[in-house]
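Following: one structure in structure tokens, then a few remarks.
Chain naming follows the written order as A, B and C, and within any one chain the residues start at number 1.
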Amino acid sequence: MKYKLSEIASFLNREFTGEDIEIRGCNTLMDAREDEISFLANLKYATYLSSTRAGAVILSPEYSDKVSRAIISDNPYLDFAKVVSLFAKEQGEFKGISELSYIDPTAKIEAGVTIYPFVYIGPRAYIGKNSKIFSGTYIGEDVHIGNECILYPNVTVMGGCSIGNRVILHPGVVIGADGFGFAQADTKREKFPQIGKVVIEDDVEVGANTTIDRAALGETKIGKGTKIDNQVQIGHNVQVGDNCVIVAQVGIAGSTKIGNNVILAGQVGVGGHLNIADNVIVGGKSGIAKDIKRPGIYSGIPVMDHSTFLKMSTTLPKLPEMRKEIVRLKKEIEDLKNQIKNK
Amino acid sequence: MKYKLSEIASFLNREFTGEDIEIRGCNTLMDAREDEISFLANLKYATYLSSTRAGAVILSPEYSDKVSRAIISDNPYLDFAKVVSLFAKEQGEFKGISELSYIDPTAKIEAGVTIYPFVYIGPRAYIGKNSKIFSGTYIGEDVHIGNECILYPNVTVMGGCSIGNRVILHPGVVIGADGFGFAQADTKREKFPQIGKVVIEDDVEVGANTTIDRAALGETKIGKGTKIDNQVQIGHNVQVGDNCVIVAQVGIAGSTKIGNNVILAGQVGVGGHLNIADNVIVGGKSGIAKDIKRPGIYSGIPVMDHSTFLKMSTTLPKLPEMRKEIVRLKKEIEDLKNQIKNK
Amino acid sequence: MKYKLSEIASFLNREFTGEDIEIRGCNTLMDAREDEISFLANLKYATYLSSTRAGAVILSPEYSDKVSRAIISDNPYLDFAKVVSLFAKEQGEFKGISELSYIDPTAKIEAGVTIYPFVYIGPRAYIGKNSKIFSGTYIGEDVHIGNECILYPNVTVMGGCSIGNRVILHPGVVIGADGFGFAQADTKREKFPQIGKVVIEDDVEVGANTTIDRAALGETKIGKGTKIDNQVQIGHNVQVGDNCVIVAQVGIAGSTKIGNNVILAGQVGVGGHLNIADNVIVGGKSGIAKDIKRPGIYSGIPVMDHSTFLKMSTTLPKLPEMRKEIVRLKKEIEDLKNQIKNK
């Protein structure tokens, strides 16, 4: 693949400077070759502008004179992402519907669908047009998969779940396994049958080996445009809003409701039956045990204001010294008391 | 499916009040329709009794006059779970043994077993009667699976492991992968071959993408009736007792022994070679680095008494202010000393 | 399998004491039978030497007179690991290349390779000699797998990734799923296509359900001899050095660089774009938010010196009492001030 710099600029609807060379790839400022295009978004990499061999750089106007060929942009990262998509090759070259798969005769497969070998598609399942199902994937009865979806290898979608359009499920994702619910009987725990389902709206991406449990009753829901990283656990009846970002290894316990545009950083844990407001951001490894009612940045176990957390964190290693100091002060006060008494 | 209210009451061996209507489903107080039955277990939902459209409600005697039709129970949650099981439909409709699977001729498959397409069953494996094996599941050589088990899609059970009766393995579960053991040689780590196995007793449930490693020598064991949630990691030679509850994303390091009726909340980490007593409850995200010898509730990293943890937690954000206060007090004491000296 | 004690000693290049009996297995001091060999490495088990029924024990010279038959070693654990490997049986008995798999005609399969049923091998993939691919595994286009590798069931290796020699990928491992990268557009997040790959060097072992994401641009790399446990998450463009040990449920965010011989204990979280020096050891459940520039042992959220962490940890439960003490001291100082004023 190759594009002229002018073609790329025109695709982005941006101006370019310098000679109109041919571009054959995308790379970082540090690694780009002469026929590759790069970008400057994080300004700490600005020092690389003088040494980069990149054929052209997407950058903001104030840096345009630092390189011989540039595309001028007010959002270089987004524009670079778009250029990368020009050069990106889709995963997987298999075409058509493999005869090595099992497709129930009552399933409905729309036009343009790709089905790799060793896929199981159950009764009354629906696969929307141009969707692509890789090997080892299981699609249970009455599952609905929208248009232009990608289900990578070894994905499991249990019966009755519903997936919107342009959804990406990375390898090993499990949608609709039973929620974790038991009722205490005399001497043992009785399974609470999980008869609800999972609904995933349009444009959601779900990372490798993430698990999203079916509801006990009703629905577990992931709102449109939400992006979920690898190894995230989402419990039964959780409601995640639109356009959220849920980073790797986060766990969200049952029946919790997450607002829109919420960002949960890696390894965060959210307790069950909680409400998290819109636009909340939670720092990595935090633990949430109560509702969060106002937008803001939070961190800690349990969470507090992020600015408080930062101060608390720098104080924490001084805790033993503080304790000793308190003992010393106590002693000094005793001494003072005695001195006063004896005066 | 439909049942008369009287049939449900009789199935539960409970009394009912009001008209004997037909019930066609189960739901929450908030979402139930007129032909659905609901329940009141968590009393914070009692306010919904006046507004629910549910045809009948399972509740404790003191609330029986709040609704027009009720089933009176001293354990509404357990009774509701039983009613849900009346309406629950099993996952998966495939019947028989698929010719698209590979079953070693020396494997023994009992009557009533279901084997989906694309299952591998190795030499001398045993599958007990009425067990159900979904697509993409691998069962190694000499594996024993008891009666009435369900192995959902893409499960892996490595060679020699043993699974009891009525065990449920959710999608992506891995039983019997090698434990993580290496011996330090001069310049590299030499693998310690993991020649033990995993034994899972009756009535255990294991959540999606959970991993339970085979022992280095001997057995890793999960006791009967224990319920394990998604993405839990259980190291080699761990012994988990009976009727435990292990919530999502918990990790238990090698050779640790967990007693009976232990509850570990989400994301707890337990160090290796430890002993945890019976009836211990550990709060979410806690870290256990030492033995726990007495029943009780524990939380924190590292764990302390839960009540202490709660007080500690509310104090934590005040730590920077405490530090400043100590500096102020120190200064005041200096001042006092000087005043006394100068008097 | 059976070996004479003299054969085992000679295999280890060590001396033995006592009668030259036949050994038929390996076990712990506690569980060994009369025809099994055991070992003493962790000295807290030395008390078992008097009661063990083991036929022989591998131990260091100073304990040689405690048992009737011994192999004398200055590294009993390593030597025992070697003896276990004599008795260990490889997982899986399937031989040859199953006709129930799908192998693209352009893939190259070297001599001695085992391919189980229901494996997908994509265009131009390369499988080195004697490698073994279990059921349900997906190998994408242009993937390179070296010699003597084992890919256990339900592994996914996405297109273009490269795996060295003698690499073990345990069940459910996902190599080369997309990294988690999005650019903010006006109202939604635009996917940053992940066009890089994953490179895994020789002698790496990757635990069950671990995920290693492909780079956005360039490579995510795991250095030779590094051992990774179950359910570890490694983000895009991470560089892990040689001979590291990464314990279960660790998460490493994108673009972070981990040195050589680094040990990360269970559930550690490492932020993105960080540098961790060689020979760093990090305690379980710790959180790393800044570069670590010097070798040493670190713990805590965020990490501090491990010795400081230990003192801090024992002080933590006393925090509420400390706070009360500060209030008391403040009051006493007020009293003293008044007394002095009134004198």
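Note that a contact is a pair of C-beta atoms (placed from the backbone, for glycine too) under 8 Å apart; a residue touches a chain by one contact, two chains touch by 3 or more.
No experiment lies behind these values; they were computed from the predicted model shown.
Homomeric contact chain A/chain B: same residue numbering on both sides for under half of the interface positions. The two copies, chain B and chain C, are related by a rotation of 120°, based on C-alpha atoms and rounded to the nearest 5.
Look at where the CA atoms of chain A average out and do the same for chain B: the two points lie 25 Å apart.
Residues of chain C in contact with at least two other chains: 118, 136, 154, 172, 209, 231, 249, 267, 301, 316, 319, 322, 326, 329, 333, 336, 340, 343. If you check the complex, the residues on chain B that touch chain C are 102, 118, 120, 122-123, 136, 138, 140-141, 154, 156, 158-159, 172, 174, 177-178, 180-185, 188-193, 195, 209, 211, 213, 216-218, 231, 233, 235, 249, 251, 253, 267, 269, 271, 287, 289, 300-302, 304-305, 308-309, 311-312, 314-316, 318-319, 322, 325-326, 329, 332-333, 336, 339-340, 343. Looking at the complex, you find that chain B touches chain A at residues 26-28, 31, 75, 77-78, 80-82, 84-85, 87-89, 91-94, 98, 100, 116-118, 134-136, 152-154, 168, 170-172, 203, 205, 207-209, 225, 227, 229-231, 243, 245, 247-249, 266-267, 284-285, 301, 313, 316-317, 319-320, 322-323, 326, 329-330, 333, 336-337, 340, 343.
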